[in-house]
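Note that chain A is present in both complexes that follow, paired respectively with chain B and with chain C.
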Partner chain A sequence: MLPILQIELFKIFKRPRTYISFVAIGAIVVLIQLAFYAEGNNYMAFGLQSLTQSFDIQGKVLNGYLVCYIILQTLLIHVPLLIALVAGDQIAGEANMGTLRLLLTKPVSRTSLLMAKFSASTIYTLMLLVWMAFLALLVSVLIFGTGDLMILKSEEVVVLNKADVLWRYFAAFGFAAIAMTTVAALSFLLSIFAENSIGPIVSTMSIIILFTILSTMDIPFFNALKPYLFTTHMIGWKGFFDAPVSWSPVLGSASILVFHIFLFLATSVIAFKRKDILS
Partner chain B sequence: MEPVITVKHLVKNFNGLLAVDDLSFQVHPSDVYGFLGQNGAGKSTCIRMLLSLVTPSSGEIELFGLNLKTHRKEILQQVGAVVERPDLYKYLTAFENLSLFARMSGLSPKKQLLMEQLELVGLADRAGSKVRTFSQGMKQRLGIAVALVHNPRLVILDEPTNGLDPQGIADMRNLVLRLSREMGKTVLVSSHLLGEIEQVATRMLIIDKGKKMMEGTVSDLFHSTNCRVHIKVQDPEKTRQVISASKWSDALESGTDGALVIRMDQFEVPELSRLIINAGIGLLSVRPANSLEDYFLSLTAGKQHVANFTN
Partner chain C sequence: MKNLSIPLFCLCCLSFFCLSPAQAQDANALLAKVKAKLQQVDNYMAEGEMATDVTFINIADSKVKVYFRQPDQFKIVKEDGISILPKGGMSVGLNSLLSGKEFIAVPGGYVQEGNNRLAVLKLLPVAENNGVVLSTLYVNEKDALVYRTITTTKDNGTYETSLQYGKYASWGLPDKVFFVFNISSYKLPKGVTMEYEGSKKASAAKPAGDGKGRVSITYSRYTINKGLPADLFK
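Here is the complex of A and B:
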């Protein structure tokens, strides 16, 4: 399968559209960093206004770790679209170009081809996250320095010692990798049934938006549904920023996401093996 | 010699639409096998089943004596194909496309081998050009290079002349002949234009609505007794009366532009000519229309029964 994986990666990184995602993430992160660099202190003073009336806050609250946390909150909502751009194109895009039938006349099993394509999508997803981590964490730390991480939650303020933060980010990015691979797997599955990539990309985003709305609405009927929606578990990375970390829900969410990846992938293999190639 | 392709009672039903209906045929080594039928006759569906792109509803396919269902990978290692349009990766160069598909075929090709393949199809000087800059003919030739890069024993070309200019069609014809005569490959080539196929095929199969209409060698079909003779005379009405009173009375068909068409054995043409001249009618032209083109049109339009000239 390795030669096919190399071919698939070669194709992905030869397409200009692949780099749109890297440029988009780069632009958003740099813009957020610039905004904080220019207006960060005013923003922090406003944000901590109510807190400073009761507490004496010392030290460098606006630091690289905090900026990275804010960037992650913002970007992890939009990254699925960038992942769907490539994962949703994997089969449907080939069908649209007419190259799928040529690929499948080669002595390669459909399962191998599918696994290679999914692996390539996953590698792309991971590279996108590494790029995001590099910009959001490393560049932010270089610009703003390090310090204790103070996170305002709805009912509490969590303060993490700066020596206790970095591993949490690595863990959070690891979790995000699982969450984004779930998105890639969903988009990949939808790609099997389409003849052009617009359908799977739009469908993936529609499902994510719908499920996210259901996940956030505090209505009893929807509350019963929430544990079964994979989008509920995609924000599980935030659990790493609790003190102490609540391992049980974090690991539970990760397991559910991994289950979804296998479910989507197995369905993709079954559907693709039975598919008549008419494109 | 063992057939290269054996198809037995092949059926494909797309949700009630019968695309291929009980089709059986064999292709032998070094044949240039013409696969003929009008658009929508089921040729491409059949070819897709031969390449395992489409799963048959029933029937059996064997290539090189191996069952396609159980030996797909071994079989496809020996098959090169261009199915309908030669769609390739437009954002890659000709060389990159060829290299990519060579690796998909299990090869680790050297640059020299790939350049030789591009040379074969006349694209060596455009090896570094992106495919999006290619004309239809160039894409078709690159598609052929992709099909041949792993030196297959069987080459399947589905409508290879579609979209080509006259020079491109002639080049394709020469390439098919070269593949068969010089390189010893078995070629299955489909088309809806018989004029092209009759110049290259050694054997042919005509299908209509998924059913086999006729199978045989090209020479068999040319010398068939089902010849249709177009005659032009000075007095068509009188000629019609003369022929109606002769042994060909039941064979007379209506023609166009004042021509009369008679279905008869080609060897009876001199006798017919004498009959007309002896009746004092000026004979302007006699054209035995026993070309595959007429044959094909009469078969697909007239829904004749299956005939097998090889048996």
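Here is the complex of A and C:
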């Protein structure tokens, strides 16, 4: 399978559109960092005004760790689009170009081919997250320095000690890798049923947007649905920033996402094996 | 019985008019004694550990440095970190509450707290622009140490401070300060970003609390009268 994986990776990274994601993430992160560098203190004063009316907050609230948290919060909603851009193209793109039938004439099983393509999509997803981690965490820390991390939630204000933050980011990026691989698996599954890549990309984003809206709306009927939507669990990385970490729900969410990855992948294999390839 | 009531009333009036000035004099003298003790300290830097117990603030205990400079400059700093204190937290430092301010002291009797018989002093600020409306001090007359204060401010509600003394008692500086304030009226704003359901459940499972916030500082070391730069308090 390794040679096929190498070929698939070569195909992914040969396409210029693959790099759109890296450029987009780079541009957004740098813009956010620039904005915080120029106007960060005003933004913080505005964001904390409800708290500072009653409390004196001393210390460096605006630091690299906080900027990274804000970037993750902003970006992890949009990154699924960038992942769908590549994962949704894996099978549908080949079908669109008319190379899928030719590809399957090679002495490789359909399952191996699918696994290689999915592994390549996963590697791309992980590379995108590593790039994001490098920019959002490392560059932010270089520009803004480190310090305690203060997070404002609806229920409480959490202040994490500087020494207790870095491992949480590693864990959060690990969790984000599982969440984004779920998106890749969904997009990959939809790619099986399409003849061009626009369909799976748009479908993936539509499903994520719809599920996210259902996850966000605080209506009793939708609240009953929330635990069954994978988008509810995709923000489980935030659980690592509780003190102490609520391991049970975080690990539960990770398990549900892993289950979805296997479910989407197994469905992809079954559907692809039964598919009559005409293009 | 009727015959007795008129002389009894006169006796009460007499005792009120004759004894009150003497007690007021005592209250002011005791306040002066407390202030004199505190004024031995022109400035200090103290190291200690701060613990915050507020239902909606989740912050670990941390090492802090506390700075004071006469008359009322007071600052708590967590090195390289974030500290959150209620506004008007100046009451944490007794020096900053009393130094450089004029009060009218009214005696409030005595209370027994543990082994200490404490004189109660009600302090009314003379200056109109003082943020404090009323302060009540519980003072041990023997050593002029303040063991408890209750301060009502114009803008920030009522604060209660308990003080424990040890090796720095001769300077009037406590080894431990326990600060209680009202948080029942405070509400955190609803978050605008998506929140993780697992975190929400964990927060909801916490006990509701009694509407009071508590901050304690346990001092390990004071550096007294060694000078502090003015820009430290900017």
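Everything that follows uses one rule, which is that the second predicted complex is superposed on the first by the 279 of 279 C-alpha atoms of A that agree within 3 Å, B and C clash if a C-alpha of one lies under 4 Å from a C-alpha of the other, contacts with A are read in each partner's own complex, and residues count from 1 in each chain.
In this text, contacts are C-beta pairs under 8 Å (C-beta built on N, C-alpha and C of every residue); 3 or more make two chains touch, one makes a residue touch a chain.
Since the model is a prediction, treat every value here as computed from it, not as a measurement.
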item	value
First, second, both or neither for A:Leu225, with chain B first and chain C second	neither
Broader residue contact with chain A after superposition on the shared chain, chain B or chain C	C
Contacts of A:Met1 with chain B and chain C, given as first, second, both or neither	neither
First, second, both or neither for A:Thr99, with chain B first and chain C second	first
Which superposed partner A:Phe10 touches (first chain B, second chain C, both, neither)	first
Touching residues on chain C, where the partner in the complex is chain A	55-60, 62, 75-78, 80-87, 89, 156, 186, 188-191, 193-204
Touch list for chain B against partner chain A, complex	14, 48, 51-55, 72-77, 79, 81, 83-85, 87-92, 96, 100-101, 103-106, 143, 146
Of all residues in chain A, those that touch chain C in their complex	50-51, 53-61, 73, 77, 147-148, 150, 152-162, 164, 212, 215-216, 226-227, 232, 235-236, 238-239, 242-243, 246, 248-250, 252-253
Chain B partner contacts - residues on chain A that touch it in the complex	3-4, 6-7, 10-11, 14-16, 97-99, 101-109, 274, 276-278
